[in-house]
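Two complexes are shown next, each including chain A; its partner changes from chain B in the first to chain C in the second.
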Partner chain A sequence: MLKRVTRLVPRACQLDPGHFLHGGPQAPQSLAARLDDQVPDENPRAGSHPSEDDPVRTFNEACLMVRRPALELLRHLDDTNFAHPAVRYVLYGEKGTGKTLSLCHVVHFCAKRDWLIVHVPDAHLWVKSSRGLLRSAYSRRRFDQPVEAANWLKSFKTANERFLSQIKIQETYMWNKRESTEKGRPLGEVVEQGLTRVKNATDAVGIVLKELKSQSCSGAFRLLVAVDGVNALWGRTTLKREDKSLMAPEELALVHSLRKMVRNDWHGGAVVLALSQTGSLFTPRMACLPQELLGKEGFDALDPFVPILVSNYSPEEFESCIQYYLENSWLQHEKAHTEEGKKELLFLSDANPGQLERLCAYL
Partner chain B sequence: MATPCVSCGAAAFYRLFLGGRVSLTRRQGVWKAGAVELQTGTGFQILRLRHTTGVTTKKNVAALRRETYTVDFIKKQIEEFNIGKRHLANMMGEDPETFTQEDIDRAIAYLFPSGLFEKQARPVMKHPEQIFPKQRAIQWGEDGRPFHFLFYTGKQSYYSLMHEAYGKLLEAEKRQNQLQAKGLFSEKTETKDLIGSRWLIKEELEEMLVEKLSDQDYAQFIRLLERLLTLHCGAEEEFVQRFRKSVTIQSKKHLIEPVQYDEQGMAFSTSEGKRKSAKAEAVVYEHGSGRIKVNGIDYLLYFPVTQDREQLMFPFHFLDRLGKHDTTCTVSGGGRSSQAGAIRLAVARALCSFVTEEEVEWMRQAGLLTADPRVRERKKPGQEGARRKFTWKKR
Partner chain C sequence: MAAPAGKVARGWSVLALGLRSAVPRLPGLTQVRWSRYSPEYRDPQTDKEYYRKPLAELTEEEKCEQELRKTQLIKAAPAAKTSSVFEDPVISKFINMMMKGGNKVLARSLMTQTLEAVKRKQFEKYHAASAEEQATIERNPYTIFHQALKNCEPVIGLVPILRGGHFYQVPVPLPARRRRFLAMKWMITECREKKHRRTLMPEKLSHELLEAFHNQGPVIKKKHDMHKMAEANRALAHYRWW
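And now, the complex of A and B:
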């Protein structure tokens, strides 16, 4: 399903419940060509790989369904008091119910409102097989992941171009004997440094996150931290050290910095997290509750949080999803238009968005 | 092998056979396996036959002919059967006078329990007439003259039957002509018993006549009987009925489960289903929204594969009741596909109680109510699997 959600290019639409906000029924790997002038910072990502089954290209637009959990979250976000510590919202639910897309919806909402977005599309990718693992220069115990860090920096840059020049760092950072970034330089330079010197990418990520956290309290901007597959941060990894022993997630620098980010010891923003069993390692298939997926450690770290359950489609949502497919001529079967066909689809997919999408894929 | 000429005639006989038949043929002839020892004596050689393995596979000509049972033999068997029946009744503690064949069957099944699948291979005790095939007594008298006038046709019973039937046909036609001449001819209604019965098949007719028939003979006979039926005469009905067998209608055998009512007054019905080694029990509620719970888990999570969910959908979709019933099932054993099949059968059977007779018949014809008899076939020795043979190597 959703492998790499990057950004959604929205069409200008109001956010009414039940209304079909043009987002995407499936993960848009590349963005639509239409740019919105209201959101100039979201540009098509040059580095992503558009896949042939990408509905963004098929439908020539990226559409999302506005659903109740997302709306609830947005209402909460509207009411946040930025003087208080950041509230953590956790989206959980069965497989395929739409947690990741709700997250995207929230990200898009905040982007439109000019928040600074720290979005990790899939934290599971960081703990699974990655080729380059280096010993961290900053801390002896930890390991760097240059490839993932560089990718993330790229996406961060494209998402938040505006802010990169506005925010100034508050400390001097020495990369190595020759290079350093002075205090007062824009954050963009740190990002550039990370991108050009891939070896320092992980440290650059750490610095960016630290700076953002400390500066969001000042009130210059609102910070949204959105992480998908957050149970990866407290699970197990499949990465091995040089002596072939398994690594714990704490030993990865990226995971470490992200964990610090997700703590609620800062204010001026919000943290929205989504759990995911699909990419997680060593978790049973039926696990979907926060308790089971996060484990004791994760649960304690994230406690207190606001859990938001994402469930299957309601009858109206199901109906509107079918209508969307029919309008875009996605369903070619002659029975798809009829009532019996719809009932069959409802039964077979049990109103689960993921299942329905898979079924309609070959209809 | 090179055998020198020996004077002994008997030895020559053996030599012929040994020289001729080397390959093992069971078809004809007699061969004796034997190792022949050549002993060089003083001047001439003697062949001494030594039997190592005395395998004699002689074609038993008598056994290939049908076993003939004499009338005395059959009579003796009948007496023994009756005595045995009384002994059995005594053993079971029942009254020997009123001991029927079903009682005998039950007693034998109790005393000799058998796990064989083939019902005809199990121990059976029946009247000798049902066990020994019917045989014809000697057809000719002491002077060599045959009893039946049609003996020299070769199929005397068949031709006599045809003769009789044709005679009846002619009589019926004559009667009809007479009635028509008198003007008393009335159209009779169709005989109703044609529907629930069928003609005897050729094997059954052969068994009845104790004679071999050809396909054309059989067809001719059936045509004659049908022609007789078209004439609608009362006297011939019994004659024709002898050659018809009734056919039971399948669907009448189904029991329809009664609808039960639980505490809230909601109507529901329970039934079971099996497939391979999976057993399922389904409770279908009459009014609902199409939710299904299997072992307490939602069916979408229990059967992640679409194929299994399609199996569950089949009974509801067939009856057009997709979103109308709630179901709760428990299933155990088997694999995912057989569990799905077992639940499907259980649900179809449970739905029978909410549905009209006609729809039950449609379901039966669609195969929803039949338990799938396929089980895993046993692996045989000498083969790699049930059917797969070992790789054949030419050399």
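And now, the complex of A and C:
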């Protein structure tokens, strides 16, 4: 779920000017595209959560607060040895502490450095309430999800335009009796095929991921796999088969290909994952640790990984957040400018970023 | 505000304790709205500043009052009344009027979503406007709310008075609390009944509040209709005896 983007805080002198993430409404396109990805589909009945879809529209800018967990991750990414297998970083923490936005920050950082980004904004959407489920043509046991696959291909195309013509596929793929993509054609054609023939979209996604994984070792590009809500891949689904029994996630082709992608049997990039209890199915509300959310299967699949805890705001971060809101005139209540008001906000939100945002929305 | 005595005997009007409303009481009826507290109970003081004043700064009166509070009986503060700096009695009253079936949580969340919606709409307008217009656009949802309700308050109202077997609508000046009540009531009724079934309350309310803030919209029209009716029935004004 997209939380309010908060202001940039120059954290000591470790930041170089490349890290300033202050984007206007026109640029950066990629960040805006990713921010839009994370918005759930416009639904007139989605009134339970107030429309916090567009900080760009409200503030005329998109800002992120630079915080310690993200900085730690960026430092690790800078020091990666691309000859070793891909390291998996898992962002975990309480609800509303900023895991998704730290992930966004990392994605932005890598995009600025021209990595190839494979970003899944919310893996929970793939295991819930899918309208068109088809039997996969490739494997009889699995199911396709054309709508989700097509959406993902669209955002992948916008995010990685340049690479689509550079990367050439290494095998011939037969879509059906009449259509096929030859070996040596650019990856863009596979993506186009998936977008035009929506029935083949899931297979197109599988092919794209497979090709990227095999070719990342060559060194032509650096690959970043960023998945939010990764506990969905090993949880339970609410999708039903024809005989009304619930499916396991392995039976979904998209989940199957993504699971292969987050294994550490490739090198030339990194894998950054964020856990999320908010959209997950059949998990207790208080669960936030990797062991609780991923379950035994998921934990063993992801083991070994680097866990990164994302916690509530420190006093300086809280102060900085309030200052940002005051500068943008988002806090309009006259008492919010006073010391009393700030103390009350701190008490009510307990320095939790998500809660503070919801409080300041109506003040 | 002194609460009237608990139980009023049947057939005894409450003229002695001060009429609550201007509607005449017929004999044989009792006051409907009464409190379980007897008159010596005082209202609770939730203002933090009152308690933070150091002893030296207090005047004789205030010292006397503080001494008195130690021994006097005080009513329990209602759950919705807090010592928060962000509390607003008008907003609390509006939330109570919107509440259905005692679901205060829902009513409060609808109110906060409405304020947020008003704020967002104004921010969008602000960013789309030129520099001169930006100075005129009001972005504080609380000022918009208060001003909109003030704009919706009628100045004069109509009251049914029985004369010669018929009820006549007589124009009458309204007390302040009746005016505030009518403004809020019209606003809520308008949003509940006259809009499309599938639109959500925050959306409808924020739209109506913004229109009322600019002195347009159906609630303002209702106020004007009330004024016109009162003007039309001017001849009956002498039926009023208070």
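Convention: the second predicted complex is superposed on the first by the 312 of 363 C-alpha atoms of A that agree within 3 Å, B and C clash if a C-alpha of one lies under 4 Å from a C-alpha of the other, contacts with A are read in each partner's own complex, and residues count from 1 in each chain.
As a working rule, a contact is a pair of C-beta atoms (placed from the backbone, for glycine too) under 8 Å apart; a residue touches a chain by one contact, two chains touch by 3 or more.
Since the structure is predicted, the reported quantities are computational estimates derived from the model, not experimental observations.
Contacts of A:332 after superposition: chain C is touched, whereas chain B is not reached. Contact comparison for chain A: of chain B and chain C, C touches the greater number of residues. Once the two complexes are laid over each other on the shared chain, residue contacts for A:344 go to chain B and to chain C alike.
In the superposed pair of complexes, A:362 makes contact with chain C only, with no contact to chain B.
Residue contacts after overlaying the shared chain place A:60 against chain C, while chain B stays out of touching range. By the touch criterion defined above, A:219 reaches neither chain B nor chain C.
Once the two complexes are laid over each other on the shared chain, residue contacts for A:184 go to neither chain B nor chain C.
In the superposition on chain A, A:352 makes contact with chain B only, not with chain C. In the superposition on chain A, A:284 contacts neither chain B nor chain C.
On chain A, the surface patch touched by chain B in one complex and by chain C in the other comprises residues 340, 344. Across the interface of their complex, chain C is touched by residues 44-45, 47, 50-51, 57-60, 329, 332-336, 338, 340-341, 344, 361-363 of chain A. Chain contact summary for the complex, chain B toward chain A: residues 290, 297-301, 306, 309-310, 313, 316-317, 320, 322-323.
Listed in rising order, the residues of chain C touching chain A in the complex are 84-86, 112-113, 115-117, 119-120, 123-124, 127, 139-142, 198-200, 202-203.
Partner chain B is touched in their complex by these residues of chain A: 94, 286, 340, 343-344, 346-350, 352, 355, 358-359.
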